[in-house]
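The same subunit A turns up in both complexes below, where it pairs with subunit B and then with subunit C.
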Partner chain A sequence: MDIEAANQTAVKRMMSARPMLTRLAPAREVIPGMVDNLVLHAGPPIEWDRMSGPLRGAVIGALLFEGLAKDEKGAVGMIEAGEVEFAPCHHHGAVGPMAGVISASMEVYVIDNPTHGNQAYSNLNEGYGKVLRYGAYSEEVLDKLRWMNGTLGPVLREALEQSDGLDIRALLAEALHMGDEGHNRNKAGSLLYLKLLSPLIAKVVKDEGVEAEVLQFLGDNALSVLNPVMAACKVMADAAHGVEGSTVVTAMARNGTDFGVRVSGLGDDWFTAPAGIPEGLYFPGFTSEDANADIGDSTITETAGIGGFAMASAPAIVAFVSGTPQDALNTTLEMYEITVAEHEHFTMPPLEFRGTPTGIDIRKVVELGITPRINTGIAHKEPGVGQVGAGLVRPPKEIFEQALFAYAERYQL
Partner chain B sequence: MATLHQVRPGAYFDSVVLMQLQRALASLPDVIDAGVVMGTAANLELLSQNELLPDDMQAAPEDLVIVVQSETKLAAEAALEQVDELLSRRRSTATREFRPKSLQSAAEMLPEAGWVLISVPGRYAAVVAREALELGKHVFLYSDNVSLDEEVELKARADELHLLMMGPDCGTAIVSGIGFGFANRVRRGRIGLVGASGTGLQSVSSRIHQMGSGVSQVIGTGSRDLKDSVAGAMATRGLDLLASDPETEVIVLVSKPPDPAVTARLLQRAWAAGKPTVISFIGYPPPAKQLGNLYFANSLIEAADLAVGLVGGEAPEIGAPELRAGARYLRGLFSGGTLAAEALAGFQAVLGPVFSNISEPRLSDPLISKEHSLLDLGEDEFTVGRLHPMIDNDLRIRRLRLEAADPQVGLILLDVVLGEGAHPDPASELAPAISEARAQHNIEVVVILVGTDEDPQNLEHQEQQLQQAGAVVFADTAAAVAYAVSPFITRELETVETDFLSRPVAAINVGLESFYDSLKAQGAEAVHVDWKPPAGGDQRLQAILQKMKN
Partner chain C sequence: MDIEAANQTAVKRMMSARPMLTRLAPAREVIPGMVDNLVLHAGPPIEWDRMSGPLRGAVIGALLFEGLAKDEKGAVGMIEAGEVEFAPCHHHGAVGPMAGVISASMEVYVIDNPTHGNQAYSNLNEGYGKVLRYGAYSEEVLDKLRWMNGTLGPVLREALEQSDGLDIRALLAEALHMGDEGHNRNKAGSLLYLKLLSPLIAKVVKDEGVEAEVLQFLGDNALSVLNPVMAACKVMADAAHGVEGSTVVTAMARNGTDFGVRVSGLGDDWFTAPAGIPEGLYFPGFTSEDANADIGDSTITETAGIGGFAMASAPAIVAFVSGTPQDALNTTLEMYEITVAEHEHFTMPPLEFRGTPTGIDIRKVVELGITPRINTGIAHKEPGVGQVGAGLVRPPKEIFEQALFAYAERYQL
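Coming up: the complex of A and B.
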């Protein structure tokens, strides 16, 4: 078993994947296995009983949005009666930020990878304030979702039909040179996204009011591009999955209760342990007492070599963890220690254009005791309150140790 | 309770700065809570939810809003007054240099590093050293408690890769002016040291400095290098390096007494190096004061003094007898027991075991020589019923003919002792035999001639006869031994790459931080690895990781 060669194969596949945002469609039309009573969620598999506040809130919101339940009580009743199925987004080629809840009617982005022929999906980003992804499900939240599904989604769909697809890898490469790291900071990327979409939107929207509304919504939200970026990372990571003998991590995800990883050469098994509470800065009126355990599929960015791993590119946000610009460099330098390659397309000016650390190797994580560094938003532990801060978290190291034991067993070491 | 606010129109700050300011305000005395946001509708609502939105406040999205809630109005005012200072406060510019946790990363950070200094616990040291060698780095391994098998394997691998493997248990080295581990500040100069003894090297190098001279390189080998099982692998390589190093003029070899076979191997190598080499094997009886280019010291200080004296001198001329083709051995045929013993000690020092009838290894039959052999023909087994060879040359002449006829023999060493009671004219009998042996077998003959100009045999006449017969005559055993052994020691030096010695030292330190500090203090480029036992010391995980590496 040549592990090095297997890992090189995996990481080459990851880097040569070409994520193209080609279209939007309702989840039930494009996501494999999507059915009306299925709710996809972030992270590894989890039962209702063990779901944290924000995830429960988002699930209830989705059932209300779908019209499957009339109110919270009805939604909970359906769930307890076993009428709702749950599955990780990751099991259906999808990813979603925070609660990551995707239901059948929701418009989703489709990312194609012409290099390897696989696809990935993500929902639309709702912006700030009271949003479903943080477990809010008030009428106001549902109204916004309806507008997104009824107006924003169709506009974006028609706009994309005017293009040959947007190259998200190229967009990310540029954003990394503009102070983004692609996970917590997507300011530049979102503006680039708006720049690419604006002429297309202008072409397809007849109603000036709608056009202004859509452009305003995309422009106000510095996370507009996060969801396509996550799906792009998913398509890259999936391209690297399933290489026999490889120890490269191909998914890291949290459901608000557990943190899970998958490994290229270890099939579809998850290795999980309780998720931690991020360290970071809090919005007015909140403290770490209010924080939910780590949640969301957005760690797919670190899996693909950006986010916390590209921290050297984003000195503006180091202060989230009381850091200095030097700490931003150190973070990236540290991640080189546990990865197998430097990215061919994602480079960082402050490190003399070295490629970002790409392809987490479970062997290195266990040997050196260095867990991946993740930049993340922090959710309130009660459903519906929303984001309370942002900061830094690391996965529990046990999950990498479990994966190593599983590897030894599978490959009879 | 008081809630005061400030609105700063058109003042944009990144949200991170705002959150930091908010945290700083909230931590001031008597402040209950604080809110710092840009005045967007969403943010104002957030303030409102947390009861931080003053009723009378007006703000636009591009305005900076600062709200402070405190026990007293005074405290709130004091807090607001500090906003500008808090906003402009800069973090300490002292940045923390990145400390890699793996050797691999350190090597990527400092690709010019030629050396890895290792001082991790012994059970992990061999693995780290192996990794360093595979990365193409020379190794200074301070750690002890590394097994002998591992040491042998590491040194063999280093040899294959043409790298230096100092240690395990190597306490000191000075490479191109930079001290590793425990090292004195010693002036640079022309004397190169190799040694298995850390304090020995420190003592000699310090003395050299105090005498006004200096060192080119100080190469530690590790305390067990001169044991039989390790066979002086690093000392040999160190000698080759110093022999090839143009900066090194004089070599000093320091050790506790090596195993005898290793001694011969090292002295041969030192001989082959050709540079004046001072040998200081503490507790080892020197076979001579000088043997060719080898100088034997009785103490560390004497070694330093000898070396300093040799700098700038001429290399000693030994002469080089030419052997007939196929000749591989020398034979000594002595009449004097003590001369025989002295010559034997000299031979054994550089040639390794020499068979004889006076010490180990013994000839099973003294009548039949074997490989390199030396005979004391004055021993009882030869003198039963016969006169002593100082009086009767018959036995020696017969044996001389016998040895000369052996095609594997290239050189024969004899002693001739004059004086009262001895044969009246030994050369008259020996010279024709020597002449005949040389004519028939093209054999080299070397003679140690002991006597005075007042002796009855006429010293000068004796010497002339022997020389005319083709013998090379010496008055001094050590000089005769040096001349006699020289054709039997291979002079083919392993040419060693020395370019790296002229480059500035750059090193990776794994283990004791003080070694890193010391490298930096000496002006060397260095990276410190923040090393921890693999897998946090978990042996089950370590075992799996090890299997995955193979």
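Coming up: the complex of A and C.
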């Protein structure tokens, strides 16, 4: 078994994938296997009784949004009666930030990868404040979701129809030269996204009020592009999945209870352990006592070589996640220790345009005892409260050890 | 004479000035002293016979644009007959990039400084390619100017009327955290500008074609915000001008032949010497043989503590102006040697959020022999060709020596 060659194959596939945002559609129309009573969630598989507060809240919100339940009690009743099915977004080619809940009616982004022919999906970003992805499901939250599905989504869909698709890899490459790292800081990327969309939106929207509202929403939300970026990373990581003998990680995801990884050469198995609590800066009035365990599919960014791995590009992020600009540089430098390549397209000016560390090798993680560095938002542990901070987290070491054992067994080493 | 105190007064005024972009209007309606046969230009005063190629070209273009002349020959005839007056933009509260030519009909930005009550002006940015500011005056160039004056300008004017003014200091502070330095790299700033403008534009423009065209133009032009930024720097520098006893530089400007500076405590005198040729990277097909001497009012950015002085914030710019990210850091560090303050509002993440070096002290320049570092575009020496590269330049040392002599004489030291 030539593991090095297998890993180079995997990472080259990851880097040569070309994520193009081509369209939007309701989840039920495009996500394979999506059905009306299915709720997709972030992270590895989990059942209701083990779900954390924010994930439960988001599931309840989705059932209310879909009109499947009338109130919280009805929603919980349906779930306990076994009428709702759950599956990881990852099992359906999708990813979602934080709770990552996607239900059948929700408008989703479609990312095509013309290089390898695969597809990935993500939902629309709700912006800041009380939002479903942090487990909130008040009427205000549902109203915003309805506006997103009824107004924002259709506008974006029509706008994209005027284009040949938006090249998200090129957008990310540019954003990394503008102080973003692509996970927790997407300020520049979201503006580049607005730049690409705004003339298209102008062409298709007749109502000036609607148009102003959509442009304002996209411009004010420094996470507008996060979801297409995550789906882009998913399409890149999936392109690297399934390479016989490869020890490269192709998914890292958290459901708020467990942290899971998948490995290119180990099929669709998840290796999981309890998720940790991020260390970082808390918004006024909150402390780590309020924090939920690490949650969300957004670690797909680190899986694809950006996010925490590209932190050297984003010195300003330390004001948000804690630390100093030197820590940000060191974070990236450390990640070179556990990866198999430097990205061909994602370069970092502060490191003399060196490519980002890409393709986590479970062997190196276990051997060196260095786990991946992740930038993340921090959710309140109770549903409905929302974001309480942002910080840094690492996956539990044991999931990489489990994966390496499974590898040894599978390949009889 | 307490020079330190005078300099602190000057630089505090510079930093506390609050440039607000409030409106647009034709130059003749807002620029004090603007008359129909007056052509404003970049840099210190200069007459026709000493003007360089690109400035001559821009002057001819302005006369054609105004309809004062029918062709090049007619324009030159008018000038030689003494029918055209010339004055520096700086003498009329204005600034313009490269040739910096502003004529009476041109739409200009108005920047108000509510802190000190002064105003400054700049023209609209034409984008890349063949443009008046590089001395081009073909029909294509004039057509674009007509579109800018007839379509872009009115749209921006109406859009700004919907706002309370755009805070350009806040925009710059944010852009410096997104890889801009505010002079030669305004990528992030231009996107932030688009973000602020696009919902306003959506509200006021009825024609979707016009709207799409304007949004596309603003979004594609990574220099869209340069001109408001320059006027913002002018309003800040002017706020620091006229402080009795201050040795702080309040204007640096080049007309393509001479480089001139003004000093806070030395009234409206210019200290000038021949401008140098920038060192940098040339576009394919061009060399330093093609370069005009340094030109433009855009050095007002360095005067106000950004541009070359904030290069540490913009490591990606070295791909455009030459050098390495370490050189960019060193450039900023060197400028601390010749300045009197660290900016209160403009901070640089790569230097642990240190304020930019602000307020050039002519005493330090002369004593240490360190001249200011400037990021600049490079113009072809013949009119009509356009930009041939970008690079770094320093003003001639003797203008600071002249200023220091004048200071000694004026204050009898």
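Methods note: the second predicted complex is superposed on the first by the 409 of 413 C-alpha atoms of A that agree within 3 Å, B and C clash if a C-alpha of one lies under 4 Å from a C-alpha of the other, contacts with A are read in each partner's own complex, and residues count from 1 in each chain.
Assume a contact is a pair of C-beta atoms (placed from the backbone, for glycine too) under 8 Å apart; a residue touches a chain by one contact, two chains touch by 3 or more.
Just so it is clear, the structure is predicted and the values come from calculations on it, not from any experiment.
**Student:** Between subunit B (first) and subunit C (second), which, if any, makes contact with A:E401: first, second, both or neither?
**Tutor:** So A:E401 only meets subunit B here.
**Student:** After superposition on the shared chain, which partner residues are touched by A:G129: those of subunit B (first), subunit C (second), both, or neither?
**Tutor:** First partner only, subunit B.
**Student:** Pick one for A:A316: touches subunit B only (first), subunit C only (second), both, or neither.
**Tutor:** In the superposed model, A:A316 contacts both subunit B and subunit C.
**Student:** Check the residue A:P349 against both partner chains and state whether it touches subunit B (first), subunit C (second), both, or neither.
**Tutor:** The second partner, subunit C, only.
**Student:** Could you tell me if A:E334 is touching subunit B, subunit C, both of them or neither one (first, second, both, neither)?
**Tutor:** first
**Student:** Go through subunit A and flag every residue that touches subunit B in one model and subunit C in the other.
**Tutor:** Common to the two interfaces on subunit A: residues 316, 319, 324-326.
**Student:** Residues of subunit A touching subunit B in their complex?
**Tutor:** Going through subunit A, the ones touching subunit B are 3, 128-129, 247, 281-285, 316-317, 319-320, 324-327, 329-330, 333-334, 336-337, 363-364, 366-370, 389, 401, 404-405, 407-408, 413.
**Student:** Taking the complex as given, what residues does subunit B use to touch subunit A?
**Tutor:** Contacts found on subunit B: 14, 16-17, 19-20, 22-23, 33-37, 42, 45-47, 49-50, 52, 67, 91, 95-98, 100-102, 104-105, 108-109, 532, 534-536, 538, 540-541, 544-545, 547-548.
**Student:** With touch defined as at the start, can you tell me which subunit C residues reach subunit A in the complex?
**Tutor:** Residues of subunit C touching subunit A: 177-179, 187-188, 191-192, 194-196, 198-200, 202-206, 208-209, 211-213, 215-216, 219-220, 315-316, 318-319, 324-326, 349-353.
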